[in-house]
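The chains carry the letters A, B, C and D, assigned in the order they are written, with residues numbered from 1 in each.
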Amino acid sequence: MFQETQPRYVWHFEWIDPERFIGLAIRKIHFIGYSKYQFVEVVDLPVYGKTLILDGKVQSAVTDEWMYHEALVHPVMLTHPNPETVLVLGGGEGAVLREVLRHKTVRKVIMVDIDEKVINIAKKHLQEWHRGAFNDPRVKLIISDGREFIEKTKEKFDVIILDLTDPVPGGPSYKLYTYEFYSTVKENVLKSDGIIVTQATSCAASPKVHAMIHNTLKKVFKKVRTYNVHIPSFHTIWSFVTASNKWDPGSLTPNKVDELIEKRINGELKFYDGETHVAMFSLPKHVRKFLKEFKEIAYDKKPPLLPM
Amino acid sequence: MFQETQPRYVWHFEWIDPERFIGLAIRKIHFIGYSKYQFVEVVDLPVYGKTLILDGKVQSAVTDEWMYHEALVHPVMLTHPNPETVLVLGGGEGAVLREVLRHKTVRKVIMVDIDEKVINIAKKHLQEWHRGAFNDPRVKLIISDGREFIEKTKEKFDVIILDLTDPVPGGPSYKLYTYEFYSTVKENVLKSDGIIVTQATSCAASPKVHAMIHNTLKKVFKKVRTYNVHIPSFHTIWSFVTASNKWDPGSLTPNKVDELIEKRINGELKFYDGETHVAMFSLPKHVRKFLKEFKEIAYDKKPPLLPM
Amino acid sequence: MFQETQPRYVWHFEWIDPERFIGLAIRKIHFIGYSKYQFVEVVDLPVYGKTLILDGKVQSAVTDEWMYHEALVHPVMLTHPNPETVLVLGGGEGAVLREVLRHKTVRKVIMVDIDEKVINIAKKHLQEWHRGAFNDPRVKLIISDGREFIEKTKEKFDVIILDLTDPVPGGPSYKLYTYEFYSTVKENVLKSDGIIVTQATSCAASPKVHAMIHNTLKKVFKKVRTYNVHIPSFHTIWSFVTASNKWDPGSLTPNKVDELIEKRINGELKFYDGETHVAMFSLPKHVRKFLKEFKEIAYDKKPPLLPM
Amino acid sequence: MFQETQPRYVWHFEWIDPERFIGLAIRKIHFIGYSKYQFVEVVDLPVYGKTLILDGKVQSAVTDEWMYHEALVHPVMLTHPNPETVLVLGGGEGAVLREVLRHKTVRKVIMVDIDEKVINIAKKHLQEWHRGAFNDPRVKLIISDGREFIEKTKEKFDVIILDLTDPVPGGPSYKLYTYEFYSTVKENVLKSDGIIVTQATSCAASPKVHAMIHNTLKKVFKKVRTYNVHIPSFHTIWSFVTASNKWDPGSLTPNKVDELIEKRINGELKFYDGETHVAMFSLPKHVRKFLKEFKEIAYDKKPPLLPM
């Protein structure tokens, strides 16, 4: 929309903290406004293209959302021997759904998101993300607080995917990163041989928050694994944690990953394969050290909170 | 220096391009001014701490320079069976020297840097980087244009480390990333069983420039390898390329890396070990694809240039 | 729209030049997008409230547009003994119309604006400005290039008001500030006893451009007068120039101004009265000196241009 | 220092409030650091040139400090029939001294400033401001809190000039804008036929703070007068208030001002003369209205405070 030779007038500031921000010229506005829960921007950014931003934080950009969503979904889905039922908390863009539905084993996906307006905005403006996934007959969409849902539901799932916004003070998500939450997940909604994965902020940008999530899951589950992906539009590396009493994606060999992709996923992946798997699950020395040394656990009364 | 409750008055803007910048409050100024070749800032930044910035680009921050410098130096040094003579181009902070000198095999290091003022600033303000390395008797420091040096020198080296500023229009470094340059390196200054490594911008932030560097090295050397490290203060992943007619760090197993570190490096590393090695040298699928498909070569007349 | 405690995510940058800008958080977006001629923002800004911005420059804010528009319109309207016919070039917000129509003497106003989209945006979003003025039966709105209009029209006017955007390279307005333009105005569209006024950038922020406009009018008309108003949302003082072969608003006494307002203007003014008139038409010593010394004239081939 | 074609890396942000700031590229750094009381910057800014900034607020720029200082000093000095003794509180740059010393009547000037470091920085870096005024034998410099000084001194003065930083929470100046302070000034340090002037923030940018200062002086003195000057480097209009039981600068005619300048001031003024005087002391209608309507008084317990 903006002409190439013009100075840039409208900017998005992604504040990391009061002393650091990333300034991004907005090339086109699809939507800017409030939902009931958060401040929503769908804008075209330079290089990153169309981007969803919630409460000032880039959630996913069309040019690299596939890195994030393939990384979030496929390791746990392929580690589980036969994932038929999947619960997704968050994931308003519909791209987690999209990736889950590519798995031939999947029969049923329940997606629970608190923010109906974001989903409606996604349906209208983020077709590149969901690509019709909301209309798949295997999908059931429930507008609800995720915490409430897992406390009340009678269903159990093979795989649970937590695609939540970051835990920030007053935000809609911080109660979905605590010991109480994960305990309820394990007891109430995950099958005994199931596996979960959560986005877990960044072991580089917010190592303590990441480590708290990792530690808290470790207090609840037997096998817990951190892995990392660099997402260009996040301007940092992003971390995820898997947890299960039975499965550990870290034990998959590259060849096994390639074989499972071939056998169980429809279409071709752009980001994830055996070598990518190795890159993600191999952690630098200082990260391993920090995870070993930092002991804090997150509770409802003391959730893991990012500064902004 | 700044008080916690104050608004931030003095900022560094790291421009990625005219539509993207990273705004970082400056907490303390150690030095800001021009050298003959570039604009130099040594400032305390939030989170990253003391940081050297050249022509507006963060070169290294005290809190993560060890990731960058261990990643740059050790893979090639350990891949070579007995690196005794090392040539460093650039690396004004003295941290490449510091890491090279930890290798027990090293007898002689020549460091060539064009910018004497930056080196003097480093000697005065960046003790945390060089830790006295400039005074090691094995080191010889030469103030010279790197291109000129390699064209004239009569010496040959086991390992050559190119720790250059990014290739930008008008900057001091862009002629050290071309076919002509690498050919001269191979013919004139690298031993036939030697190995080189260069910083190679970011395969994420500037994939074309990175791929040009990779391709150009591949046109000159038999074995070429890209690897990546996430550097927090760079706000992106950073890439390096090794090149040799004989050695390929990608073939080292994690156990071999750990064994070589134990045997040949003094002191303890903070970043690099066997698992880190695997993380660095495993490339995501789309990066491998891009490196396969993008064919451009860099020549003196058509150097690889970043936008800013 | 934004909550008080939130960090600010969406900003407008008003670039003064490449080294100076004013950063203003956007509280609400009414419209952001391109017209055929310019980039248009109608947004709520802090303190200034709803604001029209064209090509990145604040045109008028609801909290102080009355300072600008009263200052632009009333001095010439009251200096002329009986202004019945008025031509307005520019003034898309409709606020010049609004002020002109308050004058009891006015029988006919022709407004010529190049940018129909801006006028439609104003009609929809800027009711506080026009307050229905576009519907007044005395008004005729013509969508046309102003320069073309004055070259072709057969009508003549008592008062001509030039409420144009600043002269910037490539913008729609710079040809309405030249010797050729003013000569045509005098010969073709202004009655011999008529008077014109133009916005004339800022004698403080762009003294040379202002002086060129002043000088160029002086080459065409016998009586020329600069006056100034401080407009908070412009972050500087703003200048206007009147020109006529017969009338000079500078000769009005404060009492005369108050008397004329009482007699000829409907409703109450918020900004302009006798004392305000004195404040506006009294120029600081250095401004008078600069206007005396700076001699350049603006021609079509050498228009007065702001840097951005 | 910076080259013309470079992007700008180091910026000063002048925060007006958390939603508004002015971004100014820093071209050269003369001094940046803390004094005991405030954060001090002496930097070269674009257009404004060398500039003193205290706690993030531009105090005076070499290109327009003469507007500010002539406006602050000369009206009261010329209104008083024979100012021999002058007290200056604040004014660390030395430019108030400079202007005061041009008055032929002056025999003694006491300057009281709390911040010795700022004065030493001024002596070293701001020669264009003081031009040796600190060395004039009529001057006595006292390092002290201004409030404390006026409570303890036994001397009385013809003219008192308050060239203070803005009243901000926690800053060194807010107790020099209250009823208690002005009462002590009147009773203890101003001769009964003396006159004072204070900088009084901006009736445009902070109308309530300005009006509080005006009102508070009116509660203490019989004759109180607000006047305004546009200072380009402040990006707004600036206000001053005079107060006296005997004298009112507003009653001076332009001719009288010109005559007094001629008779009593050495050298030529650049800003102030009869017409400038009229421009400054004529207030726009809405400012007069606001001053009439806003009734708050500033007390030690309830000082007038700017947001940042």
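By our rule, a contact is a pair of C-beta atoms (placed from the backbone, for glycine too) under 8 Å apart; a residue touches a chain by one contact, two chains touch by 3 or more.
Please read these numbers as outputs of a predicted model, since none were measured by experiment.
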item	value
Of B-D and C-D, whichever chain pair has more C-beta contact pairs	C-D
Superposition of chain A upon chain D: rotation angle, C-alpha, nearest 5 degrees	180
Proportion of interface numbers common to chain A and chain B (over half same, under half different)	same
Furthest chain, CA centroid comparison against chain D	A
Centre distance in Å when chain A and chain D are each reduced to the mean of their C-alpha atoms	56
Distance from the mean Cα position of chain D to that of chain C, given in whole angstrom	33
Rounded Å distance between chain B and chain D, as computed from the means of their C-alpha atoms	52
Sites on chain A at which at least two other chains make contact	8, 13, 18
Which pairs of chains touch, using the document's own definition	A-B, A-C, B-D, C-D
Touching residues (chain side chain A, partner chain C) in the complex	1-2, 6-15, 18, 26, 29, 32-34, 39, 41, 53, 55-56, 308
Chain A - residues contacting chain B, complex	8, 13, 17-25, 27, 46-47, 67, 204-205, 228-230, 232, 235-237, 269-273, 275-276, 278-279, 282-286, 288
